[in-house]
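Presented below are the structures under discussion, each in the form of structure tokens.
What follows is chain A paired twice: with chain B in the first complex and chain C in the second.
== the complex of A and B ==
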């Protein structure tokens, strides 16, 4: 090829810029061979009740140009006792274990706790995140988790796009999961009586086409639940020191939504000589669909060298629960990389429409009912501090200690008869200690 | 690179800075190894061995040669990567004398990009000719290193023997968020907080850079705050022959085989990338007495020493 130089000095600057862009621009995929590794351990304990240990490991591989593949693996183990839904009583109470074999007793006046909780869970997710169109990213992932009585598989995808010189970020995401619940002793029939009479252990009854269980004690040994979630979010840089974020999310669950290990106490009525004493215990029944909405707002502001992070979430659902969560965090650097981050979180929720502290013998059965304290009215506070930014070589560590206190409120139903003077909504406290670690070799 | 290579890093984490250093060092060695004309295993040596026949080049080498060709066109042939053979006539060792016109003229037929068959990604170099990427390689290495560290958190200054480029933080609101593997307790109920971005962060301040005088080390003729872009210097301060009261700089005009008369001793240029800065500085030098007006006309910030 014979070329002859041409003289065109005016365009030299532009020509050179173009030449440099084609030399450097379509940059031969970056030679970064980034691997980021993170892990964390959480110890959770409700004194006298549940203890949990959770370990998480996360590996992210960056490749090509800003493509990321992340693998996250979680292992946790839970042991201890958790409220079974029944109310305290003046006399000792005996409950059949979920497996159907054996029983446990609860002393007079104490909140009934099922002490058989012992579970080990493995969960994993794989996410691929990549640039999408210009100024956008797209991710897709699969996740699964399993415990002895629960199996969940799901998938998710989302996109984000930046606008206005990256000052605005819009994100959209959807995810779905299919869960299979196979409780110890089989799926209990809704409102069936606890124990032999409930029909647990009669494994091979088949659910009818209408999706309902055979009322005569029939049951399937497992059942399923489908969850679909969607979220839309907006992050806006307001100034050099302020960032705000909003999101709306919706979640729809359908299928088997009961807790197979929760009961309701059926009590002698107010006019009975044994008013307030338990007659029997029934398995709970919740609606078979649940739609939740949540609105979330967050503001982060840099003040001097510290960062204030304030957030609020409003959640409402078609079960009648509304909740408010407000959280304040303040990150204060001490030293070059080490920081303190104290935080406080306040939570309040109203009860689900079908929440009942107990049922009364002789009254008509409601369409649905649950005495699960998590569906009852409550306020909660979490206080804690996180200290992070410790470096050991390329490793970075953070530790956090939190205390969570749940104040259960009495439901609408009064304490009567022998219930009077008993604590039907016992508070619960929990400590959490967490250590997390990040590494970018 | 035949000169000290340096990386200045301003990062939140020491580990990020260490990673950046490793990336830059690896990239500098990679480019040095691949394009040095002094190494038997370099691409340049391979092209030389294949003289007279076609050889297919890898993508990166093809892009570098295309770039060299574009600059050759833009400079009307005054920048030419085949001009290295002129070194056979010229020595810039202390005490050397300029060659006679005849020995220079004997070499001129071996100089000229137009004599090279280049049909990307293939090239055929005529017998006796050489290519030398020395005039681009270091600046290219600076830009490549800058692109690599640009993907990390932090602000950087890549400096390979005085050719340098500043890398601002990826964006003004770079997060300081740490990598978190774990943020929510199990059983914390419906409370959870979305927390994936960090606080806003102050934008980077510049790097203090001194432009040194070629006449004396450690004497700065200008001090500037460099936040982005590159600086490159071309000059002959330490490589020149003085003979008969005439100073012969080491930048030779490939069209004549002789140093350009009346050239500045040194030209430093600021441009978006180091390859642009380096090319403009070299081309300015080749303008001889018109170096300053050339730089003014092209609109590059510059510092000339005569």
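== the complex of A and C ==
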């Protein structure tokens, strides 16, 4: 190894120490402690809707020669109301609860929210990461997640290989999971009619011309889906202050991909005297396969004493959705260890081909349809700030407060009849508060 | 080949360099800044994981930096 002639003896020693540490590569530079512990708590709240609390702990044990074992444990609990997919109406609306017992009502003019959500989830993963051949690493992991109506078990593996003085890293990873969905009240038949009363039209439900509508719970108590992901990536050290990463990812899901708790409103047609009023509600139906692709680019750059983290993701899938995500974090030190880190995230997505705000009574049923606002057109922004670098002994703490706002756009379908003047795509806002902690005993 | 050229140009532009790909990268003794924890591409992994779960639950897109996430019937 040749040393740069511009180094003086003092910086030479520092340089050698840093060089030794950095031979692990930039991402492994801090992996010198026997044990590393990280944890965090997130409080998420959408005023008037869902609230969630999520806690995560991450423990990494370094052993032998650069072998690592990482355990991640997650607990989260969620309660509150979530849009059920139906559109607002001039009249109060009543919906059957997912369990089939009881009902909930929504006031006239309000976006229908299902207020029954209350769930607790435990998740965990274990990953073993070790040197592989001369300049590579290999990892293998298992993960599982369980809640009362959802169970997921999966495994992953990946390899990395370094080139050119460890300036270039190629990585390849695959993961697969098998999920079991056991909705309350059983798995609803796609496009089955919910036994709902609308107030004005309680006895006036209309079934499809083909007569195929079932009552709820027509397909048994559970169903499954399989997810296979692959990622190929390139990380490149560009200069002493700049690092970039490019990833291509593909994800394929197959099986039961519906949301069992989402409905579509079926409305009286434009020529009906009750145009725009709800006739009934149908369970949604999505395709049973889904393939997503994404390109991701990220750059880290030191500018003076600050650190810039810039990323962009372009995603497209075979459901007709494309999305752009741009994110900027800027860490600015304000003391010896304390820093501010303002954060801005911009997101935009187009609607899935089968996204419908509503269905019209008498029209032929489409092959698939969903009114889940998460599949509709939207833009979203997150703004926030993270303050970190607080040390208490060997512990380091950071807190972050962020605000997330979804601007839901109207779909292609016009508001007509009694729908005119109603907000069919109500925006959503959420506050996020995080505390995170790191410890290297 | 065009994609490779694009990556080369993008990397060079980010480095503020006009001398091309031949000078991309550093020697081991020039990694002092890159070795700092905040320069890790996956710095603050706990926060990243919490954020990913939120956006996975609220948007049609997920993944990119790593696997697409999942394993929950998030509402």
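Brief remarks follow.
Assume the second predicted complex is superposed on the first by the 385 of 441 C-alpha atoms of A that agree within 3 Å, B and C clash if a C-alpha of one lies under 4 Å from a C-alpha of the other, contacts with A are read in each partner's own complex, and residues count from 1 in each chain.
Note that a residue touches a chain if its C-beta (ideal position, glycine included) is under 8 Å from a C-beta of that chain, and two chains touch if they have at least 3 such contacts.
None of the values given here were measured: they were computed from a predicted structure.
After overlaying the two complexes on the shared chain, residue contacts for A:298 are found with chain B and with chain C alike. In the superposition on chain A, contact is made by A:56 with both chain B and chain C. Once the two complexes are laid over each other on the shared chain, residue contacts for A:251 go to chain C alone; chain B is not touched. By the document's definition of touching, neither partner reaches A:184: not chain B, not chain C.
Once the two complexes are overlaid on the shared chain, A:242 sits against chain B and chain C alike.
Contacts of A:42 after superposition: both chain B and chain C are touched. In the superposition on chain A, A:152 makes contact with chain C only, not with chain B. Of the two partner chains, neither chain B nor chain C is touched by A:110.
By the document's definition of touching, of the two partners only chain B reaches A:394; chain C does not.
Common to the chain B-facing and chain C-facing surfaces of chain A are residues 1, 3-4, 7, 15-16, 18-19, 22-23, 27, 30, 38-40, 42, 44, 50, 54, 56, 58, 72, 76, 78, 166-167, 235, 237, 239-243, 245, 247, 296, 298, 300-302, 307, 309, 311, 313, 315, 323, 325, 331, 347, 349, 374, 380, 388, 398, 404, 430, 432, 434, 436-438.
Against chain A, the residues of chain B that register as touching in their complex are 12-16, 18-19, 23, 26-27, 30, 59-60, 63-64, 66-67, 69-77, 113-114, 117-119, 140, 143-144, 147-148, 151-152, 171-173, 176, 178-182, 185-191, 193-195, 197-203, 271-273, 275-276, 279-280, 283, 294, 297-300. Within the complex formed with chain B, the residues of chain A that make contact are 1-13, 15-20, 22-24, 27-28, 30-32, 36, 38-42, 44, 50, 52, 54, 56-58, 66, 72, 76, 78, 166-167, 233, 235, 237, 239-243, 245, 247, 296, 298, 300-302, 307, 309, 311, 313, 315, 323, 325, 327, 331, 337, 345, 347, 349, 374, 380, 382, 388-389, 391, 393-396, 398, 402, 404, 430, 432, 434, 436-440. Taken together, the chain C residues at the contact with chain A in this complex read 7, 10-12, 14-17, 24-47, 49-50, 53-55, 58-61, 63-68, 70-73, 75.
Contact residues on chain A toward chain C in their complex (touch as defined above): 1, 3-4, 7, 14-16, 18-19, 21-23, 26-27, 29-30, 38-40, 42, 44, 50, 54, 56, 58, 72, 74, 76, 78, 82, 117, 119, 121, 123, 143-145, 147, 149-150, 152, 154, 156, 164-168, 173, 175, 177, 179, 181, 227, 229, 231, 234-247, 249, 251, 259, 261, 292, 294-302, 307, 309, 311, 313, 315, 317, 319, 321, 323, 325, 331, 347, 349, 352, 374-375, 378, 380, 386, 388, 398, 400, 404, 406, 428, 430, 432, 434, 436-438.
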